Amino acid sequence: MDIAFIVAALIAVAATVRVVTCYNIMHALLYLVVSLLAVSVVLYTYGAPFMAVLEIIIYAGAIMVLIIFFVMMLNLGLETAEHEKAWLRPRIWIVPGLFCIVLLGELLYLILQNKQPAAGIQVVPPKQVGMALFGPYLIAVELTGILLMAGIVGAYHLGRQHKKTLHRFLENNLNT
Amino acid sequence: MSFADFISLGPLITLFTAVVISMLLIAIKRNHRITYAFSLLAYLMALTAIIPAALYIPHAVPPLLVVDEFSLFNTGLVLTSGFIILLLSYNYFEEREERKEEYYLLLPLATTGALVLVVSRHFMSLFLGLEILSISLYGLIAYLRARERSDEAGIKYLILAALSSAFLLFGMALVYAFTGHMDFPGIGAALRQAGYIPVTVLAGFGMMLIGIGFKLGVVPFHMWAPDIYEGAPLPVSAFIATISKGGMLVVLIRFYVDIHGNDYSMIWWMLAIVAVASMFAGNWLALTQQNIKRILAYSSIAHMGYILVAFLSGVQTGLEAISFYLVAYFITSIGAFGVLIVMSSSVQDAETLDDYRGMFWRYPWVATVFTAMLLSLAGIPLTAGFIGKFYIVMAGVNGHMWFLLFMLVINSVIGLYYYIRIIAMMFKAPATGEVTYIKPSLPVAGNITLMLLTLVLIGLGVYPTAMMQLIQQMMKMIV
Amino acid sequence: MNLHPTTAGLLLAGILFVLGLISVLIRRNIIFMLLSVEIMLNAAGLAFVVAASHWGQADGQVMFMFILAMAAAEVSVGLALILQLYHQLRTLDSDEASRMNG
Amino acid sequence: MILLLLIIIPLAGGLLSWIAAARNTLWSRYIALACLLVDLAITAQIWATHPASGGRWLYQYKTDWVPHFGISLNLAMDGLSLLMLILTFFLGTLAVLISWKEINQRAGFFHFNLLFVLAGITGVFLTMDLFLFYFFWEMMLIPMYFLIGIWGHENREYAANKFFIFTQAGGLLMLLAILALYFIHGANTGVYTYDYFSLLNTPMQQETARWLMLGFLVAFMVKLPAVPFHTWLPDAHTEAPTAGSVILAGLLLKTGAYGILRLVLPLFPEASAYFAPWIMFLGVLGIIYGGMLAYAQTDLKRLIAYTSVSHMGFVLVGAFSFNALAYEGVVMQMIAHGISTGALFIIAGALYERIHTRNILEMGGLWSRMPVMGSAAMIFVMASLGLPGLGNFVAEFLILLGSWQANRWITVFAAIGLVVATAYSLRIMQKVFFGQATRQYALPDLNRRELLIIVALVMAILLLGLHPQPVLKTSQKTDYVVR
Amino acid sequence: MLPALIPAIPFLGACILMLCWKRVSRSAVTVIGCGSVALSAIVALIVAAAVAAAGKEPVVQHVWQWIQVPGFAAGIDFRMDVLSVVFVLVITIVGFLIHVYATGYMHDDEDYGRFFACMNLFVGSMLVLVMADNLLLLYLGWEGVGLCSYLLIGFWYKDPANNYAARKAFIVTRVGDTAMAIALFLLFEHMGTLNIQRLLQEAPVLWAKGDPMVTLIALLLLGGAVGKSAQLPLQTWLPDAMAGPTPVSALIHAATMVTAGVYLIARMHVVFELSPAAQTATAVIGAVTLLMAGVSALVQTDIKRVLAYSTISQIGYMFLALGCGAWSAAIFHFVTHAFFKALLFMGAGAVIVALHHEQDMFKMGGLKKMLPGVFWVFLIGCASLTAIPFITAGFYSKDQIIWLSLAAAGGHKAYWLAGMLGALLTGMYTFRMFFLVFYGEAKTKVHHIPGAVMMVPLYILAVLSTVAGFIELPHTLGHVTLFSHWLLPVLPAVQLAVDSMALEWISQLASVVLALGGIWLAYVWVIKRPQGMVDFLSMPGQVWLQGCWRRGWDMDALYDALIVQPFVYLSNVNRRDLIDKIYTGTAQLMEACHNLMARTQSGILRWYIMGVVLGAVAILSVLIWRLHTVS
C-alpha cells in the first residue's frame, strides 16, 4: 500500500467531507478543488499519469472555474451561506444521511468481497491511452463530439437571456 | 473505419451529418419552416440509409458497436418515431417560442443518442449514447423558456439524470474492475469462464440497474416522470416516453442476453421486484389523476413494469414480446401525445381532463384516435396494444411466471379504470353553460399523422403476423 | 493494512461517491447539488482508472476521459438551466421548484 | 364463408349506418335493421334447412390469421351456435326497433355500437379458435361500454365502468388460462395452436387442469353472472338504455353460459366434475340470493336485473350436472331467459318513456291505462316465475330434472328458488300494474311498433313453451359432456 | 281429435277474448265466454259417451310432441278415462252454469271481457289438468289454474288487498307445487318417465309396500295436493281468496280448482296405496283440516269466508276418504260438493249483489221475504252441505265417507269421530249463516233482485244438489253403486275392514243426529237466544279464542312471523347487496393506495433523489441478503 495513496485518499475524503458540510459555496468549491487535486494524486499512484493531469486541468481547472465564475456572476456569496445554514438542519439531513451511511456500508462491504488474486498496479502510459483512444475507440471520440455539441447547443439555447419582448400571443396573455 | 462500417452506421452518420448541416443552415438564416423541412428530410434520409445497411448485417464495428437485424429494426423504429414526433412538432413550437430552430438540432441529436444506444454493445458506447440522449434532453425539456414549468422540469431531469448516470458509471466500473471487459460479450464470456459471478460484479449490475431504471422510469426511480412529462413540451414528452425509454430497453436486452442474465437469479429477483412495484405504483398513481400528461407518465411507468414481466420470462418469446410491445407502445404513446398536441391551442396545452370533456361530439375524429390509443394502452382487442399485451402474457405463461402474471392481470384491471375515465370524459355530453374550451390548433399534418398512426395501430391489432415474423427472425439471431 | 490495491482504490471511490450522494441529498441549493453530482461522477471515473490499473488496460482511462467530457457538458448545460431558473424563481432553493406534484 | 358473412354484415352495417346518420338518422336506423334482418334471415334459413341427421357441424370455415402463433380464423356452427345466433339476431332486430324513438341523440354512433356488439357476440358464438374467442370476447365490451356510458341513465358512467372492469378482469384470467392451455398443448404434442378441436384432448395434470378451468370459469361466471361476481349486473342493466339492457340480459349474459358449455366443460371434464358441487352451490346461491335481492328492489330495471342473476343460477346448476337433460334445459334457459327478460326490459323501457321513473313505488294502477302493456307484462312475469306453457318452464324443468340426478339438495333448493321467483315476479305486477294509480297520467298504450315487438316476443316465448321441440332438436346436435 | 277439443275450445275462447274483448260488444263476449264452455261441455259429453260405449276404455289422444330429449319425453297427450270423465263433466257443466250466472253477476263490470277471458282460460287449464296423460302436462294445467286463480282473485286489481290475496294464493300454492315438482323428479329418476299410466303400472313392480322412497314420493305429492286444495298446513290462502268475484269463488275456490289435489291423489292412488304412511298422513291431514276449518267457519262474519272455510272442511272430508282408501267416495263427494258449494256460493253471490256488495252476515238478515228464490235454493244448498238425510246429495256422499273412515281398511275410529264432529260443526256453521242471512230483521235494503240469468243456474244446481246423490246409495239404503262402479277401471273398490250393516246404521244415525243437532244449536244461537250466546262468547278467553279461530287459528300470523317477515327483513337488509361492498371496498382501497402514492410525488427534487437512494439501498440489501441465504 502506497503511502502516497493513503495520504492522498485521506485528504480527498476529508476535503470532500468539508464540501458536504461547508455553508459557504466558495469555500465548498475550493475544498472540492483540493479534493480533486488529491484524487489526481490517487490517479497517479494508480498508474494513470495522463488522467491525473487531465483531472487537474479539466476538472479542477476548467469545470470548477466555470462554476466559481458562475457563482460570482450571480453574486451568491454571503446570502447563500446564510441560506445553507438555515437549510442544513439535522432534521433535514439525518434520515438521508443514515440511508447513505447504510448504502456506504453495503457498498464497501460488497467491494471488500473481492476475492481476486492480488496483482500489482500496472502503469498504463499515456501513449497506450492515446493508441486506444484513436484506435478502437475512435468512434467513441466522435460520439463525444456529438455529446459536446449537444451540450453546446443546449447551453446556448438555455443560457440566452430572456428577451422581454415576448411573442404576441404570450404578450396578450400576460397583459390580460 | 472501413467502408462497411460506414454503410452499416449509415443511419446514424446521416442523421448526425444532417444535424451539422442544419446547424449551418440556422447560422446562415433562421427560418422555422426550412429547418423543419430539412430535419424531416434528414430523418427520411436516415431511414433510407437503413436499406444499404441491411445488406451488410450482421456487421460488428468492434469493439463498440454492432449492427444486426435487431439494431436495424430498432433503428428504424427510433427513426420513424422521431420522424413522427417531428411531424407533430411544427405547430406546437410555431407560436410558443421565438427561437424554435435549435429544437431541430436537439431532437435529432437526442435521436442520435438513442441510435447509438440501439447499436451499442459496449459500456463506452452505452454511456456515450445515454449521455448524448440525456444532454440533448436537458435542452429539450427546458426548451420553452417562457414556460414556468419547463425550467423546473429541466433541472429535475438534469440532476436526477446525472445522479443516475453516476450510479451507472460506478456500477460499470465495478463490473469492469472484476471482469476486465467492457464489451457485453466479453463480460459474458468472462463470467462464464469464471464459473461463478463475483459479488462485486453483482453489485455493479445492481448499480447499473439504477441508471438504467431511471431512464426506463421504473419504481423506485420513476418519480421524475410525471413532472418532466408535465413540464416538457409535448413532443419532447412523447420523445421521452418512447425513444428514450425504447433505446434504453434495447440496450438492456442486448446486455442481458450477452451476459446470460437468466443464469443469475439475483438479477431476476431485483427486476421482478422492480416490475411488480412499477406496475402497482404506476397504476395507483394514475388512478384519479386529473392531468392527462401525468396520467400518461404514470401509465408509462406501469407499462415498463409489464415489459419487465416479459423480460423476466427468460424465453425467446419474451424478447419478441418486448419488441412487439415496444412497437405498439411507441405507436400508442406517440398517438396519445399527438392528440394532446393537436388538441392544444397555440399557446396552451390541453392537459387537464376537463379539456377533453365532450370532445367526441366536438372533434369526433381526434377523439376516436385518442380512444383507440387509450384502448391500445389498456390492451383491448383490435389494437396493437392488445396483441402486445397478449404477447407479453404469452411469454409469461411460457416462462411459468404465474405470480407476476397475476400481478399483471390485477394491474391491467386497475389501469383500465383511468383509461376509460378519460374515454368516458370524451364521450360525456359537453358541459352546459359558459365554458371556454381550449381552442385546438388541429394542424393538418398532425391530423393526418394521427390518422395514419391509428390505421397502423389497428392494422397491427388485426394482422400482426408480418411484424411478428420479422421480430421472431430478428430475435433468433441475437439469442 | 494489507488491502488489495484495486480494492483500496475502489473503496476510496465508493466513499467519495457516497459522500457526493449525501451532499446531493441534503443540499437544497441547486448549485450544490450539481457540484455533488460532479463529485459522484469523479468518483466513478476514479473507479474506472483503478480498474484499468488492475488489468493494465487503457480502456478504463479512456472511459475516464469520456466521463470528464460528459461532466463538462453537463455542467455547462446545468449552469445555463440554473441561470434560467434563478431568473424565474429568484432563488436557488430546489424545494421551491416543486410546482408540479401529485 | 357464410359464417364469416354473418360477422361481417353487422360490422359493415355498423360503419355504414354511422356514416349514413350524418345524412339522415332514419337511414341509419333502416340500415341497422336491414343488416340484422338479413342475418336473421340467413340463420333462419340455415335452421329451417339444416338436416335433422348428419354431422354435428353444420358449417365450418377456417383460414390462417396469425400462423406464427397457430391462430386461425376458425369459425364453425353447430346446433348450439345456431340457436344462439338466431337469438342474437332476433333480439338485435328488436333492439334496433325499440331504439327507434328512444335514441335520438347520436343515433348513428348508437347503431354503430349496437351492431359492433352484435358482431362481437356473433363472433363469440361462432369461433372455434380460443384466441379468436378471447378477441371477440373483448371486442364486444367496448361498444357495450359506450352503449351504457353514452345513452344510459343518470348513473351511467359508474355502471359502464363497473361493467367494463369486471368483465375485463374476468377476461384477463381467461386469457392466462387460454395461454397456459396453449403452451401445455404445445409442450405435450409439439403443435402450438389455439384450435379448439386440437385443444380438446390436451393431456395435462389434474392440478393444472383445475387451475386452468378456474381461469375460464371465472370469466364466464362474471359474465353470467354468478354470485359473487354479479354486482356489476344490476348497475349496468339499470343504467343502460333499453336496447342496451336487452342486449346485456338477452345476449351478453348468454355468452358466459355459452362459454361454459363450449369451453369449460369439454376442455376440462375432470376438473369440472371435481368442482361441480361447489359451482352448483354457487348457482343455487345465485338463484336464491338473486331472488331475494330482486324482491327488495324498488327500481324496476334493477329488480329485473337481479332476476337475471337468479335465472342464470339455473344455468350454472344445469351446466354442471353433466346430464343431457340439464344441457337441453340450459340451452332452453338461455333462449327463454333472453326473450323473457329482454321483454321485461322493453316494457320497463316503455314505461320509463311514458312516466319517467323506474321507481315502482311511484307506479301502480297502470293496468287500467295500459291494458295491453299490462297483459304483456303479465305474460313475461309469468314466464319469469316459470309458468308452464312458457319457455322458461321447459328450461327450468329440464335443468332441475337433470340436476336432480347430479345433486338432490342443490335441486331442492333451486326448486325453492322458484317460490322466491314467484314472490318477486308478482311484486312487479302488483306494484306497477295493480293497485290504485298514484298519479294521473295521460298514458298511451303500446303503439304499433312496440306492439310488433311485444307480439314477436310473446309468440316466441309461447312457442318455446308449448312447442320447444325444434329448439331441443337443434341443440341436440351439440356434443355435451355427459357423465 | 275430440278429447283435445275439450280444453282447446275454452282456450280458444280465452285467446279470442284476450285479444279483442275491447273491440267486441258485451253480448259477443257473453256468447264467446259461455259458448266455448258450453261447446266444451257438449264435446265432453260426447267423449264421455264414447268412453262409456267403449266399455270404459280410455280415449287417448296424442296431440303433439311437447318435449323430447334423450332420456325424457313428454307429449301434449290427453287421456279420457272414467275418472277424467267425471271431472271433465263436472268442470264443464258446473263451469258453464257459473259462466251463465256470471254474465248476470258481472254485468256492470267494466272489465267484463277480461273476466271471461280468464274464466275460459281457467276452464281450459283445469281441463288440461284432469285430462293430462303425463304428469308434466298435468303440472302445466296445475300451474295454469294457479295463474287463473291469481288473475281472478286479483280481478279487481285496484284494491291492494285483493292483489295481496292473489299473490298469497299464488305463492302458497307454489310452495306445494315445489314439493310436487320434486316428487316428479323422484318419479322420473326411478322410473324414467312421467307418463301416468306407466307410472301406475310400474310402481308396484318397482317398490314393495312401505318402501321409504315411495313414501317420500307420496308425501311430496301430498304436499302439492294440500297446497292446491288448501289443506293443512297450506290452507291459509283460501279464505283470503274470497277477494275475487263470487263466480270465481264458486268455480275455482269451491267447485273445481281446489279439488285438484283430490284429483291428483286419486290419480296417483297406486303410489299412495304403496305407502301406508302417506295414506295415514293424508287421512290425518283431512281429519284435522276438516275440524279446524269447521271451527273457523263457525265464527266468521263474512258470508264468503264461511263458505271458504266450509270448502276447506269439505275437502278435508275428501282427503279423509282418500287417506282411508275410499277413492270413489272422495270423488263422489267432490261431485256433490261441486254442485252444492257452487250453489251456495252463487246464492251468496246473489245475496251480495242484492245487498250491493255487502258481505257481512251481521248486516244482512230477513232476506227470506225479499229474495224468496234465493232463499229456497240456498236452503237446498245448506241442507246438502249439512247432509240432511235422504233428500240431499251431500248426505249420500258425506255419509259414505264417515262410514268408510271407520269401516275401510285404512280407517280408524279417530277418523270417524272427527267426521262425526265435523258433521256437527257443519250443521252449526251452515245454519248459523243461513239464519243470519235470511231470518231476523232486515238490516240492509235490497237493491237489486237477481234476474233470470242468475237464478236459472241456481235452480239447475239446486236440482243437481238434490238428485246427484242418488247415483250412489249406501248398503242401508238400496245399495246403488253406479258411481263407484263407473270408476272401477281406475279406482279400485274400497277394502272394507268392517262390514256390518248394523254398525253402518248406527253411524248414519249418529251423523244425522249430529247434523240436526248442529242445526238446532245454530237455531238456538242465532234466533232463539242470541243474547245468551253473545254473553257466552264475550267471556274472557273466549274473545281471544274466537279471534284466533276467525283468523284461521292464527296460522297466517305464524307463517308471517316464521317465514314472510324474516324473508322480507333479510331482503330489505340486503337491498344494496352486501357482496357489492367487497368490490366497492376494493375500489376504495385502491383509491387509498392512490392517495398514499400521490403523496410521494411531492414535486420536491430531493425527495425524488431519496427515492433513488432508497432504491439503491434496497437493491444492495437484496443482494447481500440473497448472498447470505445462498451461501
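Order as written gives the chain letters A, B, C, D and E; numbering starts at 1 within each chain.
By definition in this document, a contact is a pair of C-beta atoms (placed from the backbone, for glycine too) under 8 Å apart; a residue touches a chain by one contact, two chains touch by 3 or more.
Protein names from UniProt, one per chain: A = NADH-quinone oxidoreductase subunit J; B = NADH-quinone oxidoreductase subunit N; C = NADH-quinone oxidoreductase subunit K; D = NADH dehydrogenase subunit M; E = NADH dehydrogenase subunit L.
What you see is a predicted model; the values in this text were computed from it and never measured.
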>> Touching both chain C and chain E, which chains are there?
In response: A, B
> For this structure, which two chains have more C-beta pairs in contact than any other pair?
Replying inline: A-C
>> If I average the C-alpha coordinates per chain and also across every protein chain shown, which chain's average lies closest to the global one?
In response: D
> Centre to centre, by mean C-alpha position, how many angstrom separate chain D and chain E?
Replying inline: 37
> Just curious, how far off is chain C from chain A if you go by their C-alpha centres, in Å?
Replying inline: 5
>> So the centre of each chain is just the mean of its C-alpha atoms; given that, what is the distance between chain A and chain B in Å?
In response: 29
>> Distance between chain B and chain D based on Cα centroids, please, to the nearest Å.
In response: 42
> Going by the touch rule set out above, which residues of chain E reach two or more other chains?
Replying inline: 598, 601, 603, 605-606, 609-610, 613-614, 616, 620, 623
> Where does chain B touch two or more other chains at once, residue-wise?
Replying inline: 124, 128, 131, 135, 138-139, 142, 145, 154-156, 159, 163, 167, 174, 199, 202-203, 226-227, 289, 417
> If you go through all the chains, which pairs of them touch?
Replying inline: A-B, A-C, A-E, B-C, B-D, B-E, C-E, D-E
> Given the complex with chain A, which residues does chain B contribute to the contact?
Replying inline: 1, 9, 16, 19, 23, 61-65, 95-99, 102, 105-106, 109-110, 112-113, 116, 124-125, 128-129, 131-132, 135-136, 138-140, 142-143, 145-146, 154, 174, 178, 198-200, 202-203, 346-347
>> Under the stated contact criterion, what part of chain B meets chain E in this complex?
In response: 155-156, 159-160, 163-164, 167, 199, 202-203, 206-207, 209-210, 213-214, 219-224, 226-227, 265-266, 269-270, 273, 280-281, 284-285, 287-289, 414, 417
> What residues of chain D sit close enough to touch chain B in their complex?
Replying inline: 65-69, 106, 131, 134-136, 138-139, 141-142, 145-146, 149-150, 157, 160-161, 164-165, 168-169, 172-173, 175-176, 179-180, 182-183
>> Going by the contact rule set out above, which residues of chain B touch chain D in the complex?
In response: 361, 375, 380-382, 386, 390, 393-394, 397-398, 405-406, 409, 412-413, 416-417, 420-421, 423-424, 427-428, 463-465, 468-469, 472
>> Using the touch definition from the top, list the residues of chain A that touch chain B in their complex.
In response: 107, 110-111, 113-116, 136-140, 143-144, 146-147, 149-151, 153-158, 160, 162-163, 166-167, 169-170, 173
